Every structure is written in C-alpha cells, then in structure tokens.
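Take a look at the structures listed below.
Look at the two complexes coming up: chain A is in both, with chain B in one and chain C in the other.
Let's turn to the complex of A and B:
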C-alpha cells in the first residue's frame, strides 16, 4: 500500500497535530486550535478523531473503533477499514487488546490501562457555545475562568424538569481550571473520565480544536450542592448478558411495544456471554 | 469623605471626532447623578468609559473598592475589572434585550450573577430570584417564563432585578426609561427611586428625559459636544439654567 503515506496524512500534518496534542496534554482541558485537514469523509463522521488517530498511530499499534459502544456499526466499520487500508495496522474489537481506541459517544465498560490511548470524536468542543455564541467571548470566559453561565444551563434544567436533565455532553471541570465538553458521552460515563490510566485525546475536525486529558487527571462533573451530579442509566439488566452495571441501549423489537435493553458496549457484552452470563432475552 | 467614584479628565476620541472631552467629577456614596444632553453629546460614551466597556484615551476612573480602597479601574487587570462589574457594579441598558439573556428563564437571568460569583445552591438561588422578582413587581408565577414572553416594561424591570441581585454599590443606567410608554415609565421610575433609596445605591443615569433626572437625580451634568457645559444640584440647574444650551434644553420640554 504505497499510494498513501502511512495512516493517510502526510508527515508534516501529523507533526502539526502532534504538537497540538502535546500542548493539549500540557494544559488539560484547554482547546488547542489546529489546522484541521479535509478527510475523505463528511464532517460529523469523526474527522477530528480520525486525524488524531492518524497522528498517533504507529505500525505496531492495535486499533479498535467503537460507535456508541458498538464495533459493528457503520461509522466504526468504515473508520476501522480506513486505517486497515491506509496504515495497515492490526485491528481488533477487544478493548483489552487495543492500544488505540477511537470512540464516538462512549467510554468502554472495561477499565482502560496505562499505555492505552482513547481518542474521542467531538462535534462541538465548546461547552459554552449554546449559551454564548461569540467565540471571542467564550475564549475570554475560559481564560478568566468565568463559568457562572455553565451553571445557568443546569439551573434551567432543574427549573424546567425538576432535576438536571442533561444526559449527555455533561460539562466537567478539569483540574479545577477549565470547563470541558466531554463530547456527547452519556453522563453515565463521566465518572470514568477522571483518574483514568489511559491517555484521553479529543479531536473536533470541523471546529478545528484538539484537547486532552493526561492519565490520572482530576475531572469533576458540575452540579449544585442540593442537586448533586448523578450518573444515570436505564434501570434494567442487559437482555443478553444480564449485566446490571453497564450502560444500556433501548432497542425496539416489534411494532407491539416490545423492547429490550442491551449493553451498548458490544465487546463487554460478548465477553460476558462467552463467560456464561445470560440475560432473560438471550436466545 | 472618600468619593465612591472619582472621574478625572476622561477624554475619548473616535479618530478626529470627540466622544467626550476632559470630564471630571466625583460621585459620593448614596448619590445619584444625572447626565443629560442631546443625542450625540457624548453621554453614552462617557458612561461606557466609566463602566469599563470602552477604554478612554486619557484620564482615570477611580473606584473605592471594598477591599483595597480607591483603585483606578482603567489601569486594573481585566479579571479584576470584570469581577467588579458583576459584583459591585451594575449596568442597566436602554434596551432590556441587550442586558438580558432572552433564551433563559427569568429566574435564570436573575440567578446568573449569583452563580457567576460562586453561588452553588439551587434552592438559595431560586429563593433569591423569587424575592427579587417580587421586589420589581413581577409575579412569581412567571419565574420560569422566558423574557421573550414579557412586556417591555417587565423586561426592563427584570433587567434591573438581574443587576441588583448581587447588591451592587454603583449602578450605571443608560436611558432606563427609553422606549417605554409614559405610564410604564412612571411606574419604573417609582420603583427605581424606591430601590435607590432603600439600598442606598449610588447611580449614574444617562438620559435625555429631564423628568427622569428631576425625579431621581441629586445632581445634574449637562453635556454638549462631548463637554460638560453645566453642573450643579438638579433643581438648581433645571430651575435656573445658566448656560445657553441648558436654557434651550429646559425650555424645549413640552408642557401639558
């Protein structure tokens, strides 16, 4: 495969992205601007994550891609195939065997270990964007740590719904400094962001921002004293593997109101089924 | 007595045009100063320079801070100035839409300044918001409605509540009654007068409506072409104007 440079991007571009990543790691939670390239996929399909992955992949890496926790959905399959073709790296669906995991909207259920890298695809990196449309103003708010507005959003949630109804892209504060959008992961995953052994990199292609969490970073989900943060999930066991501690997808299975809950992390679910666990809907 | 705000020879030019030139005055605690003048006389430029929205070319704006005593707010760092503008200062815009977050409920609008200074207890914020809505005569059942559903007068009162919730000591007002019909104006002025007296606020009110300053201001400055042409006690200036322009201004008021 010589038509492309290793992992598609040219070496100068990768150096530029690596510099942005290093800066991001040095200032956890800070959004580093970078010169995002056009990728052979539409914006919104993970162009940011793909560029970050391309910049950090080595020929020895083992690469895994998940989309909403699943290894076998369109986005995951196409990105995995992309790097199989352009980088020739080994790919896997096993969380424990992967050295680089690109993810859309989930953190794997199995705890990650030192040496692994988790790459997030980020649609809108600016947590304050829908509250304050001016980029010049949000940058100033970040640099002066003026985050009162973020709580206005949570206040609005409580006043309208009686509880903090934000269920994904739940804002976090990193090392007591920057407020960060953890990409649209469910808030169930928020507690895993902090003190993680793996490196976490966030790439937003259209918005041209990279940010990062080095291993064992302090990450706190924002909340009110009388309405504390709560990591929520559907109150059911997994229909296939019976797990009660994993994040679940609700799947409609017929047109008569039938539905089942299954683990969104397919690898986790398969491992449990292989180990003999069985849910009530398992065939 | 230390002045709360001491403005020293403020000059602001827009290229060859003079915004305001060489304005100097002191504002003492509990005092309300009115600034009147025709459109383009530099009233708003002066107000924006004092409130930190514009940087004047020359001059000082010395504010008597709670912790460190008199400080030049133009020379202080931006975080300090912004902190000041959401704690000890308040700014009431002419158009309520400029001062409110139209996509956020009334309660959220009032609570924003509280959250900005570190309040993190939902119940407390909610109670204070309810209390302040009552003080500006907005029914508390409207607390979760957006300002877009409010009338112009209600929006203006909500803006005032949002500004006063942190107990500021100095309020800048830019034509607070502009664009409101006269009966709503009267009610708003009554409310403002009550709040200023109850809270012992100092205020600088920019307006071209002489009735507003007659009702609210202790002292008055008349501006023309960027300069203060006359200053003195409100009643004195309005009843016995000395400068030709002040005389013109006073005589131009329609008598009903």
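Let's turn to the complex of A and C:
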C-alpha cells in the first residue's frame, strides 16, 4: 500500500472533490463542476464514480461494486481490487454489509439504510444534452428552470409509441428545482431515488461533474397527468429465485437459444435462493 | 515561528482527512445530526472541530476569512503552515470561520450565481454550545424533522429564501459539528 497515495488520488485532488461533494449535497440535483483527474482505467470504466469513491472512502469502509447489478463483471472486480490495494478497504458482495456501494446502471433491490453511501458512475450527467449540446445554454436552462423542451421530448414519445419510451436514464426533478439525469439506471429503479435513507453521489469523469442527493430528498420522475410515470419491468418471475418484485435480465441459457429471466441484482437473488425460494428454472 | 504553529495538524493527513471529511459529509447530508470529529489541535480561539474542517477542506485554492478573534497571529500562522490557504476578507472568501456575531453581516459573502450556485461561501460558525434541541429543521437530508441549537432563526430563513443560491453553514463546538445547508427550513 505504501507505493500509492491513500485511495490513489493526491490530497489536494481529494480536497477539491470533497468540496464539490459538499456543494452537491447542499444543492441537490445541481451539477457541480470539478477538475477530473486521469485515472489508471479508461473513461468508460466509471472514472467519475471511482474519483468520488476515492474521495469518500476511509480504511474502515466495506466496499461493494456492482455493474448492472452483478459483482463479478471485469469492471466491478477491477474497481474493487483497485480500492483494496490503494485504500486498504474490505470489500464485499453483500449489499447489507457494504458501507459504500459504487454502481453502474442499477440500484440494489434491498432498501439501503442510513450510514450507507451509493456512488453512481455517470456517463452523461446533463439531462438536457440531447436537446441542447452547448454547456453554456444548458446551464442557463437549468438556472431559469426552462424544462419545457424536456417535457415536449417525452410527450413526443407518447404520440409516437403510445407511452413514454425512455426506459433508462429517465429524467427526474429534484426538490421541485433541478431536472437531473439519474444515470442509465432502468426506470424501474427511479422510485428508489427519492426518500432514500442512504446518501447518493453521482460522478461523471469525462464530463467533470459531481451531483448528489441527500437522504430523504424529494425526487419525482417527469410525467404527465394523462400519462403518469410507470416503473416497468419484464412481466415474469425470476427463473432462479421466483422473485416477482425485482428487476430482471433476460439471459440465454443453452445453445438452442433457450432463455430465462433472472434478477439483475445477483446478491438479492442469491440471498433469496439461500432462504429457500425457488424459481421454475432453478436446478 | 512558534512551536504551536508547527503542531496541532493531522499526524496522518490522508487518513485523518478522510475521517474528518466523512464526518463533515454526514453532517451536510443530514442536517441536525451531531458528528464528533478529531485529530486537530489548533491554537485558540479555534475549536478542534473548526480546526479539523479547515485542515480537511482548505488549501491554496480556498481563500479563508478569519473573523473576529480568530484573526490573530497564532491562527494565521497555523492555517498558513498546515493548509497554505490565503486569508482574505468576507467578500472573496470560500470559507470563513468565527463566531456568529463576528461573521456578520451575511450579505457580505458570495452566495453563488444562478448558473453556478456552488460558487458560494461556506461559513464555519463557532458556537458556545451545540445541541439537538431548539429550532425545528426540515428539508433534504431530514426524515421528518430534526432539532438543532441554531444561532439565528431569522437569518437562516432569509438564507433559505435565496435557494438555489445561498450560504452553507458548518456549526462547530469543541470536537463536535453539525451542518445547515441552504436547503434546510428552520423554524
């Protein structure tokens, strides 16, 4: 461990990120600019989340990393190993035992509790980016709460598809003020964003933004009176644990193209199986 | 240079800064909770908690305003040696430290701009006592409501009215701190 700075980043960089995190918590949903550093991994690997984790971890933490709900992808394993080596933290795959969870694309199924921190890897922090590419303009739009275009875009979905087709990174409004991109989580996870007991921190490395949701913050998915928001998921039980309330991935199980639906949150699924729950495809 | 200047910093800066920051972050994320924070022994009149906040968050990039009795040779020298932070007046500071009365008037500090509301000062308020009783707090970070001894309800309400602009406060007393971000409704 001595070959590294604690948690890899130098102290001045961590202070800068820490100050950004505090302002993010004080202004929920607002994107705080920060000077992102080169990390020893490519941008697509969640360097924003990694920098946020580096700024908040203490040696006593128990650290979990999930990638689409799974702890065992190359990306998740690399980030876990990185902080084992550089910060000396314990790592875990159990949601209930983790004090800090870094995530790409999911919120764990089990409700998080006070004392836990969820760190999101964010590719594109600006929810208005696809409407307006210029940063100077999106900043102005946020400051004027000029979100009409956003609603127009969602409504176009409805007229084209009969429903809002946006399934991931579904925009939310925070404390009635800022429209925020919750990162590419499925909209199934959106209802967990609000009133969560844990602290939620969002880091975008390439775009150099940090934003945050304190616990128990009011977060509302954008919708319309005649088309209320729906947190949809595949209409199946989990093939392994039989859960009917979890977000599912469709996986191919044999050469004949056989498929089954399984919980994307592997820790949740394993806990249910260990407790004796069985799905129709379980061995 | 006095020995007092050289001592009283973090002995293990990376680890102690990480611990101090987590306490500050928990406080800012959960207004009305008290966090115990340790590791710094700054010169009087700074409290250990205020000293920890300065060590954890300040450096050459953060102008600090020393208000009232904190603006003394011992504190100036200690802050310069351990953080390198330049001192400045209330108008241009990113952090300020002092008692509530000496930090006044709040209108002197930067509250951010509509496009960059984060460019606002954080005030470290040295309090004679810090208790989870007194004013009622509601807002982000608070489940239903919380209680906290606050210096001035009316001034905090005026600050809340500026949202999303405004000042953020870290209240310190001995080795404890609490925080009041601009979002907190105080009554």
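Definition applied: the second predicted complex is superposed on the first by the 279 of 283 C-alpha atoms of A that agree within 3 Å, B and C clash if a C-alpha of one lies under 4 Å from a C-alpha of the other, contacts with A are read in each partner's own complex, and residues count from 1 in each chain.
Here is the rule we go by: contacts are C-beta pairs under 8 Å (C-beta built on N, C-alpha and C of every residue); 3 or more make two chains touch, one makes a residue touch a chain.
The model shown is predicted, which means the values in this text are computed figures rather than measured ones.
Q: Are chain B and chain C a fit on chain A, or do they clash, once the structures share the same frame?
A: Chain B/chain C on chain A - fit side by side.
Q: Determine, under the contact definition given at the top, whether A:18 touches first (chain B), second (chain C), both, or neither.
A: second
Q: Determine, under the contact definition given at the top, whether A:159 touches first (chain B), second (chain C), both, or neither.
A: Only chain B; A:159 stays clear of chain C.
Q: On chain A, which partner's contacts cover more residues, chain B's or chain C's?
A: Chain A has more residues touched by C than by the other partner.
Q: For A:226, using the defined touch cut-off, is the partner it touches chain B, chain C, both, or neither? Pick first, second, both or neither.
A: Only chain B; A:226 stays clear of chain C.
Q: Touching A:96, do we find chain B (first), chain C (second), both, or neither?
A: neither
Q: Quick check for you: in the superposed arrangement, does A:146 touch first (chain B), second (chain C), both or neither?
A: First partner only.
Q: Tell me the contact category for A:26 with respect to chain B and chain C: first, second, both or neither.
A: In the superposition, A:26 touches chain C alone.
Q: Quick one: smallest Cα-Cα gap between chain B and chain C in the superposed arrangement, Å?
A: Superposed model gives a least chain B-chain C C-alpha distance of 11 Å.
Q: Intersection of chain A residues contacting chain B with those contacting chain C?
A: 144
Q: Any idea which chain A residues touch chain C in the complex?
A: Its residues touching chain C are 5-7, 11-12, 14-16, 18-28, 30, 32-33, 55-59, 114, 139-140, 142-144, 175, 177-178, 197, 199, 212-218.
Q: Which residues, counting only chain A, touch chain B once they are in their complex?
A: Touch list, chain A to chain B: 131, 144, 146, 148-149, 151-152, 155-156, 158-160, 224-227.
Q: Which positions of chain C touch chain A when the two form their complex?
A: That would be residues 13-15, 17-19, 21-22, 24-26, 28-30, 56-59, 61-62, 94, 114-118, 120, 122, 140-143, 163-164, 168, 181-183 of chain C.
Q: Could you please specify the touching residues of chain B with respect to chain A in the complex?
A: Residues 78-79, 82, 86, 101, 104-105, 107-108, 111-117, 120-123, 125-126, 143-144 of chain B touch chain A in their complex.
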